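Each structure below appears as structure tokens.
Same chain, two partners: subunit A is paired with subunit B first, then with subunit C.
Coming up: the complex of A and B.
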């Protein structure tokens, strides 16, 4: 009833509800920390993350090296911070690409003729049947490890996740009264899709994207852990874990500091996604996450 | 029922054909080709031509795909150029290790997940329910290889409770089981949270439905109603989710096999990439695609058998 709720913008409204939810607030704080440290990384890092310093190698945490050093004497803390940059550099284009293509195909499938729908659903089912990591490994086997390969492969296999949701939403909106009204007023298909359906699909997509980020970040780290992602000496959380794995009996610090940012990213984005879902669509409450 | 099963199997066949063809097209489109991958850049043109002819790569793409299916139906995925063994044999030798790992992981995590989810739904809003809820959200998206590395560090390297590498002595079941515990913990952990949430949600939905009220009105004991009527329906979504999640399980298995140096499909692929053994890589990828399509199909069919509504909905 009060006027201040009415005048609040939509984003303000979402933020207001997010901060009321304890897990949502925790998620928001963790995610902001990760995003800001990735953006400001070059100014935060105390050392050059790829500068070797052999005499100081394999040290434990100390005041000069907060998380110790690796086998080449590189500062682990600096590598962790720069690794966040790599993680987001992979996650953002991957998810943006998958959303755009999924949105396009999903709306066509949901609004277009039946045969096109069948065809696109078949395409989704096909893309979905590639086990992501195996597929990525097959491509890497041919072109060699690179971040672009990782981005491309995860993007292709993520398209169905978004496309299917968009398709279902478009289908249910298509028969709703306000769309029928628009149609009878003579609105074009592009106008209906772009002006009326698109805004209604974006909310659930944002939730899905927030929940999908940890999966993508985890895959990038996993492939880099296998030596199939970033090329050395670029720091990635996965390559830190790889170094730590081979030195597991010498020092635990590399594994500990490579894993914690991954766990934090996972927790932060999952909490945020959960809370966001409750704000965007209370009906979805209590359902499982993205798998 | 039979019609539905046949239709579903037909769809699975179409998807397999499409997936394999698409894989061929993508591999064909990207720069880099199998022959230079295997021989390196310095190979002589004659050697390249010979290998191309041997692998059938000199023929046009549609012919390659057609030949590939023809051979696949005969169970022939090509010959490993290094050891001269059939790729099918090499891959099939590793599949049981990966499947055992995946099945054991899903068995323990689904059992625990169903128990937790059921408990949460019955004791809604209790402390136990809240704890389960927070725990589920926290482990749900945990990357399997991070859990694998941490459990390796804590339970194998520090505490020395479990072995760190291998799959155990062949023939010694106890030893093999011992080697299975940490890897399956890594793969299953996120599924416990996921399944617990799923079972809780569907259990709550079903407990509010009419037939449960009727059963209660007939004076059936509450335990009977909960476990015989409600739970039976509430675990249905779990079946579907496990079937669809096979891709994630396979990915998790790849990482876990590497971390614990276990034999299996994942280890085979990584080793084959390192030795540039392209036919074996392709063979393993195809096999995992087949396993994945088979498991989604199976999950749909089981679902249709258990729940008549699913048949009508398709």
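Coming up: the complex of A and C.
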């Protein structure tokens, strides 16, 4: 008998294998950097990110202002850090909401009767047919820009992404032999969905969510760039870009410091997602992806 | 004879197809005596799987039960509600499937699944786990406690099938249905699984309905055998009677095709010429007449199961008109 029967927990197992993958490790480091700086933002920032200081406006990087200042003399570094907080404040509830609703609807569509499936798929397709940005602009025009509007709009348009994946997975699982075996041992529908299908769906969903966070962050930035997202003076990477865009001849620092965190977020979460994909499936674990 | 734990009477099941009803089972009757192992043999499409799905009510959506009753401990399973049926399955009737590579949830550890299967008992989790480990060692998996933490893919096919058996027998059912549980295994593992099944059957004291293509396995394991052909029972009796003195031409042909029975060296394995009849458009008379080498006038009428011996029945006119051929 082999002696290396593992005793680690499921999460421990995933983390262990994640850190052994170079890309996964990079992703994990970048993501934790972003997350911790967002959580600890109020204690990290050297200046109040919305405090104006007109005499010091449009400065380049210096020791007192690491990334310089904007046209109102606000410290860019502080705004970048606080902007990350805003970005995650949008991304996390959005994704959490979209996953929960998508999971619920997707499992019903995949396991339930045909007419319900048709109905839910129709709903998904309708939602997907709205271009997110256009839809967001329309909603914002109606109710005015705010953080909550952004969250709601992006959440609604992200539901089909998750719902469709869950539906397809559920459909292929429902006819698999182990589900039949469970049924033959008397499992009820709730048991089958909750105990057997859910854990099979969660892995791919986690991967999808990790990959989707940059999209949501980007959308938030995009809407804020267009002035339809987070209301000024709340710092956001998008409004940083907007400020920097009009001042690009005077100072490139604004646009650089708004852009780099966006790129890092995209890279970090994508790396993490890619690595997660190889790791969440217990069967592929430790076999090493194609790197 | 023992009181039957399962008594199927005159069961007919058909599938709705675009071409009309496909009569997959026609007036099937069989008894499974308590604590005995009954084997069903027959080629693909003879209705073995339909029979099982009718018993455990996992029928395809287009299947309908025409006539008949399935008496389990004197109560008709067909009259039970879905909930009543669910409470019976996994408790008093359990099932083991054909492909051990597919019968476990791939993302949950074996221990988790074996603990989960006991959800009906209100035991503390540690006790359930202990019971799971006990069951695992009973089916011959060494180091059971540690192996509970492993995923199904970390076990071999034979082990997985034994785990499936352990899970099915966890609640000590009165009837275990095994749908070709050894078909996906190689010969050595097959022997292992059969041996375990036999041991456990004695220990748990359940009856087993064992389905297989493999005549050798049936002969090895079962007390009684039922031969099915194209949705009908054509011969039934004790393994000794049916295998040593087959009365139906189909059974004889089937036994002749078993490579284990062939003594001389041959290039071509024997087959039964012809095809299974179309079950949408079932002809009158004996179901086997198109492929039978002994076909004669009487075959235009459908033969009924008639005793040839004590507890050995056959549906063939040859045995009724002129005795054995």
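Keep this in mind: the second predicted complex is superposed on the first by the 275 of 291 C-alpha atoms of A that agree within 3 Å, B and C clash if a C-alpha of one lies under 4 Å from a C-alpha of the other, contacts with A are read in each partner's own complex, and residues count from 1 in each chain.
Going forward, a contact is a pair of C-beta atoms (placed from the backbone, for glycine too) under 8 Å apart; a residue touches a chain by one contact, two chains touch by 3 or more.
Here the structure is a predicted model, which is why all the values come from computation and not from measurement.
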Do subunit B and subunit C fit side by side on subunit A in the superposed arrangement, or is it a clash? fit
Subunit C versus subunit B, contacts on subunit A by residue: B
Does subunit B (first) or subunit C (second) touch A:138, or do both, or does neither? first
One more residue to check, A:203. First (subunit B), second (subunit C), both or neither? second
Partner chain in contact with A:114 - subunit B first, subunit C second, else both or neither: neither
Using the superposition on chain A described above, determine whether A:241 touches subunit B (first), subunit C (second), both, or neither. first
Minimum Cα separation, subunit B versus subunit C, post-superposition (Å)? 19
Overlap of the subunit B and subunit C footprints on subunit A, residue-wise? none
Considering the complex alone, what residue numbers of subunit C touch subunit A? 56, 58, 85-91, 94-95, 97-99, 102-108, 116-117, 119, 142-143, 146-147, 149-151, 153, 164, 167-168, 177
Given the complex with subunit A, which residues does subunit B contribute to the contact? 11, 14-16, 18-19, 22-23, 26-27, 30-34, 37, 134, 137-138, 140-143, 145-146, 149-150, 152-153, 157-158, 194, 197-198, 200-201, 204, 241, 244-248, 250-251, 254-255, 258-259, 265-266, 269-270, 272-273, 276, 278, 281-282, 284-285, 288-289, 292-293, 296
Give every residue of subunit A touching subunit C within the complex, in rising order. 1, 5-7, 176-178, 180-188, 191, 195-196, 199-200, 203, 281-283
Which residues of subunit A touch subunit B in the complex? 23, 122-123, 125-135, 137-144, 156, 211, 214-215, 218-219, 221-222, 225-226, 228, 241, 244-245, 248-249, 252, 255-256, 259, 262-263, 266-267, 269-271, 274, 286-289, 291
